């Protein structure tokens, strides 16, 4: 039964990983921006939930979902307008730049909300769980899975079915050509960054159900988020999904048989090993171009 | 300005910088500040390696702390054994309930072995990783994130093995360095001077590497790894050599850090400190070795003095510093210096602009 | 239609165009000629706003476009096929055309069809990723994309490069037909003189970032012009 | 009699698409061979297979008796095969001279590369001259125009002194007199080396080609002199287009 | 060494906590209560006729930085003493600095014992004042099977070693032991393991943010305090806020002070803290220990008539003050303090209700010399 239990646990860890990585499929996967402040946008989503709580009470989590999307998205938009836009094509510089931004945002959180954690109360319908053939299924984890799945579906539709998504991919693949084809590249950049950051905010809302809400939370999730995207293959949605679930399951079983530290080390080792086999992640964006 | 002047300007600046560090600083700084400067110089050694691997070779290594740690722990283990108490056990083993010296520790009692390991361990690790990873053409963002994961995993491993490594604490309370009492001012000065000399030597080695054809080849690989294959070179080997070189420097720096600071702990090796090592280089200018050295010193100095000046909000200033440097001086202080210089120089024909955007290795 | 008034253009500190002026009349087809590296591509990029002009003025269709963003110029009716086979590599051929269709006001489904008629080979490749096409196929796609936009003026930078002879003939015909039927103005950079000479109403010869000679079709017979073109 | 390069029964498949089918192709030592064919015929793919960039589904490629399939790219270069790319790729941050110098040094052991270069070796200086890039020697290659890059690529190939040179559309984008110069140069090189040139420029072919191989849809269509090939109705149909155009003209 | 503004008209004291990084979550509040104590002393006229001047530094959750900043406070600012640290790792890093410079550190957090530096005063609990009473309480409640959950660093690991020795000698069984990295936030597997091991109680030495995730997961899995209580030694009022009172109500904690601890000194402390930092703020054990440390040091300086470290150390022996946690006396021998152990239950309102106390302050015994079961430990 533990085996079955851990399967559900693995799926729910996978859902968390996927949620925190979804936004990166835009900013990192599409735009190639290694946004170290992504974690702080997650944090912004979490604190938004805390703020929303003051009027929405214990229904803060559902109410905060759209609000956090807008808040974190708005922060992303400002970041893009002020800074990131000067750095397209220089992903490694952006990394340092956004690292600076993340320091500032963390300190800002300490000054605005205090260093200690704050509390977000889960709505009644997201507390507890039920028993399914002896396996405990928690409502909050189910909620996160549902959120992750809808996020994936939404992004997939956006990328493949909407002209905005197509335009976005065009800009990311060949900025200059997009411009000379009449695409308003700066607006596409803004929208892309807005959505990617907004998704981080949504992840932040969900994370209040299971973890702390404090100035540090971004730093706890950022490495895992990047690993998921990299293991899946940059800009590859289905890669990210598979990677998140696989890493979640791997983590849950290894942790079951060993311990949390070792599980983390194993996950890293497996990713290194995996990239030996598939150097560009699960799904590869191939091209004939020379690099 | 004559070409001759230009030719000798570099060496002259090097000698001047060296003399300032070796002769002037020990006489104008108090022991505490001198010790801090020594620490900055350790990071400058790391920075020189990063300037080669990243600035020249385009390998954004976010896990340099691992190599720093390997060197540091190799040195630390030796020094801890020298100071070990009655049972021949370092202090932390006693309070972690280890009764017998682990086999892994035994050879480190030998100073020659320990010193060799300072270089061998990080180099071997880098060669192993490099051959695996570069052969498979993992690069750009993939390499960056991978190396970051490596740093994270390394720290978790160290922390989890408290009896063997001292866990989160690391190796603390190191008081003697080959018989020298590290709290004696004269000895601190001596160790500082050793650091300066090591930095000087390392700098010259890196300079040679950078200016050689090997250095050009690295740049070529950064700009077009696949194209290089069709020139008949194996990029994996070339990159591995450069990566191993940077790892060896990080290891040496880690080993120097131990007597300079008296501690080596996972807190110095993880994701954040590894990034900090990079940031100094970015600030100074990754394309210039001197820039990297100056950047490492400036960044660490800024961190110290900003945190002293405004302990509760200094992260704002540090964050602002990165942002400012990236926005206004993407080629770092060295870039600012160069453009200032070229404004003075007024050449007959306008020098060619470097290709507009600073090209970087992107994913895929 | 297009007036370029003594523009200076530079890459960083290296100046490439020196006070270059040029006029393209509505409905005319002007061919820009000159050796490699004289600045032809740079001129087109400056007109499109891909490169900023340091001084001087660019006017199109009565608008001063010197400071407009690239996509704003496209929306005013400029169409541009850059040199080298430029595509959105991870998008399919169909998506490549779709992006342009959605981004340009005058493009229609019919214009897509017409473009594909010029390059029938592309029809069989609609589901292929552009990045996997052969060099010539990419160049064909690049031309097709430009035709889709239905611009009032076309800037073509060596459109026939890497394209098989039979398709070059198609391109030539298409340009001619478009020119005749819709009165589109064309600024063409072309190394194949025969083609250029067959199509052009006017020509401009560049050297070292300056226009050294310009004239109409009739002047092409002038020995001094012949001289410039063969050296 | 076997050639220097022997391609036998070559098949290349990309996700189900057959880019090259049952191709046999051989080039004798010292030959100057031209390859033409419609866009997408598989010309670049053929070069990619020979140089180890693409793995064939089946077939063999032998160079001087050695199998090339399965070898890593740099090994193949070291065996004496050099190529240029249809989209020229040069090292933009290195100067023109350094680009050539690196190309020239590839046979040296890595250790000797650690020494500093004092002056450009003679072969590099010579190539700077032939390619007309002498004035640009200290300019970063990133500043070169399209045509200048093509020349640099050719130069980098020449200093490598390969036994077999594979050039993928070397004169695309070159002005008329540059094309002429390239042709003369190739003819000269072919005196001592084996050269395969992929081109679409028929004028260039008429001027410099002797034997021409035509590919179509991944297969060998025909082979012969320029005149023979041009006269072949199949070639006119799929490649040159004159036949069809004339037909249209008659109709119209 | 003579420190601290002997020349000027103020006495400088160092305050060294993590104001940034993971540990700032906990340490900032301690820093605040120490600054408040300094204000109180200054308002009452200072010591030796001089005002205290705090020199604040940030340890940045980085142990070598603690050592560096300690050195800076000592050699550059020449402070009379330093109040600082939270994690044992930071203390271990600072220890040699203080010993070699013969300077004084006041360390305000409960810890694992097995240490007694002549240049450190320990005002938080040592093992026999917190963990051992916690175990005694569990034993008294008839809890026999324990599960140990802790963060992976020196304090939990050492503490758990001691717990295991205690259990072996007291007929208790340790049926599971799990460590997670500091900052770990995914506890589903750990809680699964706890649930399937079915212990009578969980002994929790997790530190910092991990507690939030751990208790949320326990609550969601329906593991109640009634069925399986946890005893935490690093969860105080401040952490309860972040965890969410509804998630942790009913669980046990072991400390020496709660905001609800009776007495005039505490009423004054709580009132002053809320007045200074906001009515919604809570007070906790480490905050109280930091606050107390400042007052104890000031008292010792007054008694010594000097800020000289050796004189202060000498004078500090046996000093006794009425502090928020009750009567506190400095043990002259090991420089720890006598503290009353208190077991509390977390209430639905987030406050902690004391359910047991040791009756009188317990003499500090960092090496557990008074316990037979602890013989083999060091």
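Lettered A, B, C, D and E in written order, each chain numbered from 1.
As a working rule, contacts are C-beta pairs under 8 Å (C-beta built on N, C-alpha and C of every residue); 3 or more make two chains touch, one makes a residue touch a chain.
Just so it is clear, the structure is predicted and the values come from calculations on it, not from any experiment.
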Task: Enter the minimum step count from chain D to chain E; a value of 1 means the two chains touch.
output: 2
- prompt: So which has more C-beta pairs touching, A-C or B-E?
  reply: B-E
- line: Greatest centre-to-centre gap (Cα means) from chain D is with chain E
Field: Distance between chain centroids, defined by C-alpha means - chain A, chain B (Å)
entry: 31
- prompt: What is the distance in Å between the mean C-alpha positions of chain A and chain E?
  reply: 36
- prompt: Rounded to the nearest whole Å, what is the centre-to-centre distance of chain B and chain C, using the mean of the C-alpha atoms as each centre?
  reply: 50
Field: Centre-to-centre distance between chain E and chain C (centres being mean Cα positions), rounded to whole Å
entry: 75
- prompt: For chain C, what residues touch not just one other chain but two or more?
  reply: 11, 14, 132
Query: What are the residue numbers in chain B that touch two or more other chains?
result: 156, 159-160, 224, 226-227, 315, 352-355, 359
Statement: Where chain A touches two or more other chains simultaneously, the residues are 106-107, 259, 261, 264, 285, 287, 289-290
Field: chain C residues touching chain D - in the complex, by the definition given at the top
entry: 11, 14, 34-37, 41, 83-85, 121, 125, 128, 132-137, 139-140, 158, 161-167, 169-170, 191, 193, 229-231
Residues of chain A defined as touching chain B within the complex: 28, 32, 34, 83, 86-87, 89-93, 95-97, 99-104, 106-108, 111, 223, 226-227, 229-230, 234, 259, 261-262, 264-265, 268-269, 271-272, 275-276, 279-281, 284-285, 287, 290-291
Of all residues in chain E, those that touch chain A in their complex: 19-22, 24-29, 152, 178-181, 183-186, 188-190, 192-193, 196, 209, 212-213, 216-217, 219-222, 238-239, 241-246
- prompt: Along chain B, where are the residues that touch chain E in the complex?
  reply: 30-32, 35-36, 39, 92, 94-97, 156, 159-160, 162, 167-170, 172-173, 175, 183, 261-263, 265, 267-268, 273, 304, 307-308, 311-312, 314-315
Field: Contact set on chain C toward chain A in their complex
entry: 48-50, 69-71, 74-75, 80, 82, 86-91, 95-96, 98-100, 102-104, 131-132, 145, 149
